[in-house]
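Labels A, B, C and D are assigned to the chains in the order they are written; within every chain, residues are numbered from 1.
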Amino acid sequence: MQPTESSQANDQATQNKASQPSWATSENEFLCSVFHSMLQARILENKLSSLYKAGKIVGGVYLGKGQEAVSASLGASLIRDVDYFAPLIRDQAGRTAFGEDLLDCTRTYLGSAQGPMRGRDGNIHRGRPTEGMPAMISHLGAQLSVLAGMLFAKRLQGSLEGRVGATCIGDGATSTGAFHEGLNMAAVEKLPLVVVVANNQFAYSTPNSRQFACNDLIERARGYGIGGFSVDGTDLLSCASVITEAVRRARSGKGPQMVVAHLLRLSGHGEHDDGSYVPDHVRAGHYGRDCIEIAMRQLVEMGAATPEQIMGWQESIAADVQRAVAQAQQEAGPDPYREDWSALSTQFPLPIRAQATTQPQDAIEPTTPFA
Amino acid sequence: MSVTYIDAIHEAQDHLLRDNSSVFIYGQDVASFGGAFKATKGLSEKYPGRVLDSPISEDAMIGLAVGAAIEGCRPIIEMQFADFSSVAFNQIVNQAATHYYRTGVPIPITVRLPSGGTAGSGPFHSQSMEGIYAQYPGTIVVTPATVADAYHMLVDSVALDDPVIFCEHKFLYRWLKADSIRGEHLPIGQASIIRPGKHATVVAYSAMVHEAVRAADRLKEDGWEIEVVDLRTVKPIDMDTVLASVARTGRLLAVGEAFPWGGVTAEVISRVVAEGFHLLDAAPQRLNSRDTPVPYHPKLWAAHRPTPESICEALRKLLSF
Amino acid sequence: MQPTESSQANDQATQNKASQPSWATSENEFLCSVFHSMLQARILENKLSSLYKAGKIVGGVYLGKGQEAVSASLGASLIRDVDYFAPLIRDQAGRTAFGEDLLDCTRTYLGSAQGPMRGRDGNIHRGRPTEGMPAMISHLGAQLSVLAGMLFAKRLQGSLEGRVGATCIGDGATSTGAFHEGLNMAAVEKLPLVVVVANNQFAYSTPNSRQFACNDLIERARGYGIGGFSVDGTDLLSCASVITEAVRRARSGKGPQMVVAHLLRLSGHGEHDDGSYVPDHVRAGHYGRDCIEIAMRQLVEMGAATPEQIMGWQESIAADVQRAVAQAQQEAGPDPYREDWSALSTQFPLPIRAQATTQPQDAIEPTTPFA
Amino acid sequence: MSVTYIDAIHEAQDHLLRDNSSVFIYGQDVASFGGAFKATKGLSEKYPGRVLDSPISEDAMIGLAVGAAIEGCRPIIEMQFADFSSVAFNQIVNQAATHYYRTGVPIPITVRLPSGGTAGSGPFHSQSMEGIYAQYPGTIVVTPATVADAYHMLVDSVALDDPVIFCEHKFLYRWLKADSIRGEHLPIGQASIIRPGKHATVVAYSAMVHEAVRAADRLKEDGWEIEVVDLRTVKPIDMDTVLASVARTGRLLAVGEAFPWGGVTAEVISRVVAEGFHLLDAAPQRLNSRDTPVPYHPKLWAAHRPTPESICEALRKLLSF
């Protein structure tokens, strides 16, 4: 399957056929690795859901059920230690594919002081910003400009080449001013930013019809002057092909790329929500398909994996998840009495003059550089 | 039969929609879903076309409300969480709040902010922003602490001709119960003495009123009678009630859940000392949250905000002078 | 000249040819009235510029020089007391065409207490919100959602039919989150909103190339699912035709319409600015043409007006402007000692219970409408 | 030869760009145009690729700065006017200011806010927002009042690892002159006694320091010696210096140009009374702007903000107790 693209210059698909994805030589292996991340996310998230229902997790639990093919395809298209990935609330699969440790997830959800957020923030807000994975704030759309800034810094430092930054975002979040400002800014700077819009038809309970008025959000790409791809988010093969291609284009200097993946969230907004506002015909429709089942069938059919292999992966993932949960559960939470309760890295009072890096070292008198 | 604080908010909106055709409700997921906290459940069906889902566009949500208010409507805007109103900050403080002063045309909008902390909600679903909005001219900022106030103050807010920032506390939503919403009905702008005492005054608002009352209960065992003033409205502040209380007790502790720099407690203290310095027998004190984002972990969260324990401790110290 | 349009459904111009503009029957009269507003704006603004340079105006002076054809065409397409017009900083011509009193302008600029802003706000921030003309705040993009709200209210009140709301905005302001949120919201609500983007190539000193990356901002219309028109903003005939058509479409229930007018600001950003960052070749280029000169030639050529008539208009406008300035100048400014210094219309303390409109009048016990 | 406050800001940025390759400047019209106030004039040519024009996207400007800071840069973001930072409020308080607490990764960004009123600038080009940003944890908020501070504090701000809100006063830009930018260099977080006295303390900051000094000059004629403390940094506040001054004078007036509800003056007063109640001989007082938007008309503007006259009046009253 070829990605369909609407580029800024021309809408005719023929002119912009994607070239062969870069993973073509080892296509099967790549697909299996994406699928493995999908599976791991699903098994982990099912576990999180049980923990939540058993009252073991305080606060919200947000799952990516049904969105694994999109998210994992993106995570797997990125190169750890080179690229940046800013996951959002439904990106467990992408996190796994990008290389996030399972323990980062379980520790954060279970409030272990040893997690990356040390109990200070929870659930899907985790990240390791200096390892290419920003920690999202809740305010939707806000991560786009941050990601743009990370890439911008690399350009200033002369080491942008070959690097991309990628993020997923929901259909609802495209209505935020932050989304618009961030994407436009990245387009002006022609930064290698890949934005995957997971259009799961709803923002919490709000359907697309109350969120935007165009036919397909991909129609926005042209207005930003960026590359645009539309893809069936329930289909692993399509996702892998299209998203890898979008990443490849960004990496090769073609500026920001937007992918709109069409799918359905197969869980509630959070585990507190039963999602009963999703009409039955939508659930029963094309996008109600479970991408994991489809991927499994695809992989088996193309001979990339056998059912037995997949069963084996499932078992070992389940064991891994169990271990990660058990470990996080036995770890202590943060101790309020040992916290320094400071939101600043700076310690006041500052020593006199010691904090300045730049001193007027020379005898140059200040000039008035303008009349 | 008992009703909760969120029932009162629901009921107020129901009555407002029923009694005034210029009222409508606009916000994320407020229509058939009934809102993240179910404050509008069933209302979109009951009042067709007047309870509408908005896109995730807080800035434009307030802009739309301002425009509709100019044309005679009385919009209620539900922010999904107070914290997300940061995105609408400009429209609130610069568009809505300046309009009457600039043009003489008032903007009767009510912005509902589900506020304050609950365990596990973390830095972005726990904020108390009353002190932010109160800093700007042109706003009225209310912080109901009781079921009756949740009802009456919401009804009254919508009746006022100016922008009202209605800070409703999420922790109180289902925790706070009353026999009926027909409690006392005081006007906006008037504080209330929720518990009389004579040894010290605690000025609090929103959820902290209940923590203060608990602290007062405990100190009662030691013979201290603590007066608790519920501000109810943080802008404008009812200085008459506060000063009268301080005149009786000579001691003042201001308690708030918001961040410790500035805010309601600083405004209360600095007005009391400016206007009633001679009434004070001891240095007036403040108790706020710690100066970090609101932490996610329940243990950290409990240590971040004032509690009956920390209020007791502050009061004991205050009483020792 | 036919408007070019890119509608949401289809980019093919042929399919969406604009129907005959509604003013066709009295085309010449309409054009003359638009031109008259352009002329009045130019003469008034030249006067404001002199006053500023003579130190008679405190604060900024922002002119619409070069943008009169666009602005006046919009203002003239609207119906006073029916439609809404939210002018921005370069809309003197549109204000005039919409029917703003000259005195509103001179009083506001000169700080008369009798102006609509009573000295509390100045220059281009004036408006008469209850007469269909909101008073802009400085924050760019913020007026879109306000205008949407005015139309939204009319729909609720059952009196939207036949009404439109219109605003002008600059190329730079399209980068604001407020622009995006407001336009998208209007599109979702399918409100009769007309947004004219006056692309004058610069936002203050910042060229288009640092502001957006698409070829023409009109490419954004499709992404919002709204009608889109592109027009030469220096050409009165085109502007009048295209903008009237956009207004007609909005009025007839086709939802928001976006017009991008291409032109050049022929003054500095404000009168404090000489605009020296505009390259000579741009000034000398097509969009550097003065729309007033062109319009004059067009009107004369088509026999709509004679040079003598135009001269006559000029003279009477100059006299009007002179009078409006003189009157505002002789009026007193605000008296700080008589101000009430209140930003609220509400007076505290409120009487007990008197402020509530809704009282629980009935015996209905509060119910818990949800489980 | 004399230099101005804006010269000092220009010079500081020049030196920062020169001495630290991780510094860049991003903002509307800051490149070849040199910024609305010319604070970056000539710098884009001198430091190619490091002084860049941004789109009119304040939210994304701060987001970009945060991302760049994570990757080791030290961005300076110029807001064209402080007032427009309201659009970036969310990114400042929720993204930049929470980051270190949440992740342990500091965000060394400096946000320059051309602040404060000038005649004829009106409600949206005159605001003083220090008290808004200071209310949130995770920010450092500075308000230089002198030419030397404009220079040194900007250099020092960029050197700090946390987000600094740099409130520079537009009125001082060209009005305030000094012989050289090489004045005293105190660290951020330390207040300074700009004029010693013994009868009362005025705590002020930014442009109000100069108004306070003028008021002190006038009262001098009547034999009053007024001490003026320049806070310099409003978050954190240097309570040691403030309390030491109050200990000497026994009387306190806090003066600010911002809106009167909450803000810096309330924080100062409430901390002084909490920590130094016994030092006070009279009720501590505040003087702020009036509680309306900043009016356009020069006559209204002059009556809206504290002036030497109104400061004198407040001081005379304070001294009469």
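One rule holds for everything that comes next: a residue touches a chain if its C-beta (ideal position, glycine included) is under 8 Å from a C-beta of that chain, and two chains touch if they have at least 3 such contacts.
Since the structure is predicted, the reported quantities are computational estimates derived from the model, not experimental observations.
Engineer: If you tally the C-beta contacts, which comes out ahead, A-D or A-B?
Structural biologist: A-D
Engineer: Please compute the C-alpha centroid of chain A, do the same for chain D, then give the distance between them in whole Å.
Structural biologist: For chain A versus chain D, the centre distance works out to 39 Å.
Engineer: Need the CA-centroid distance for the pair chain B / chain D, whole Å please.
Structural biologist: Measuring from centre to centre gives 30 Å for this pair.
Engineer: Provide the C-alpha centroid distance between chain A and chain B, rounded to the nearest whole angstrom.
Structural biologist: Spacing between the chain centres: roughly 36 Å.
Engineer: Which positions in chain A touch two or more other chains at once?
Structural biologist: Answer for chain A, listing residues that touch two or more other chains: 117, 120-121, 125, 137, 139, 175-178, 181, 184-185, 188, 210-212, 342-343.
Engineer: Provide the list of chain D residues touching at least two other chains, using ranges where the numbers run on.
Structural biologist: Where chain D meets two or more other chains at a single residue, that happens at 54-55, 57, 59, 83, 86-87, 90, 94, 97-98, 101-102, 123-124, 137-138, 290-293.
Engineer: Should the pattern of chain-chain touching be classed as line, ring, star, complete or other?
Structural biologist: Here the contact pattern is complete, since every chain touches every other one.
Engineer: Where on chain A does chain C make contact in their complex?
Structural biologist: Against chain C, chain A makes touches at 8-9, 11, 175-181, 184-185, 187-188, 190, 209-215, 217, 219-226, 255.
Engineer: In the complex formed with chain C, which residues of chain B make contact?
Structural biologist: 1, 3-4, 7-8, 10-11, 14-16, 18-20, 24, 34, 38, 41-42, 49-50, 54-55, 57-73, 75, 90-91, 94-95, 97-106, 137-138, 140, 152, 155-156, 158-162, 180-182, 185-190, 236, 238
Engineer: Applying the document's contact rule, which stretches of chain D touch chain C when the two form their complex?
Structural biologist: 28-29, 32-33, 36, 52-57, 59, 81, 83-84, 86-87, 119-125, 290-293, 295-300, 302-303
Engineer: What residues on chain D touch chain B, complex-wise?
Structural biologist: Those in contact with chain B are residues 83, 86-87, 89-90, 93-94, 97-98, 101-102, 123-124, 131-132, 134-138, 235, 258-259, 261-267, 269-270, 273-278, 280, 282-286, 290-293.
Engineer: Quick one: which bits of chain A touch chain D in the complex? Just the residue numbers, please.
Structural biologist: The touching residues are 116-118, 120-121, 125, 127-130, 134-135, 137, 139, 142-154, 156-157, 177-178, 181-182, 184-185, 188, 342-346, 348-360, 365-370.
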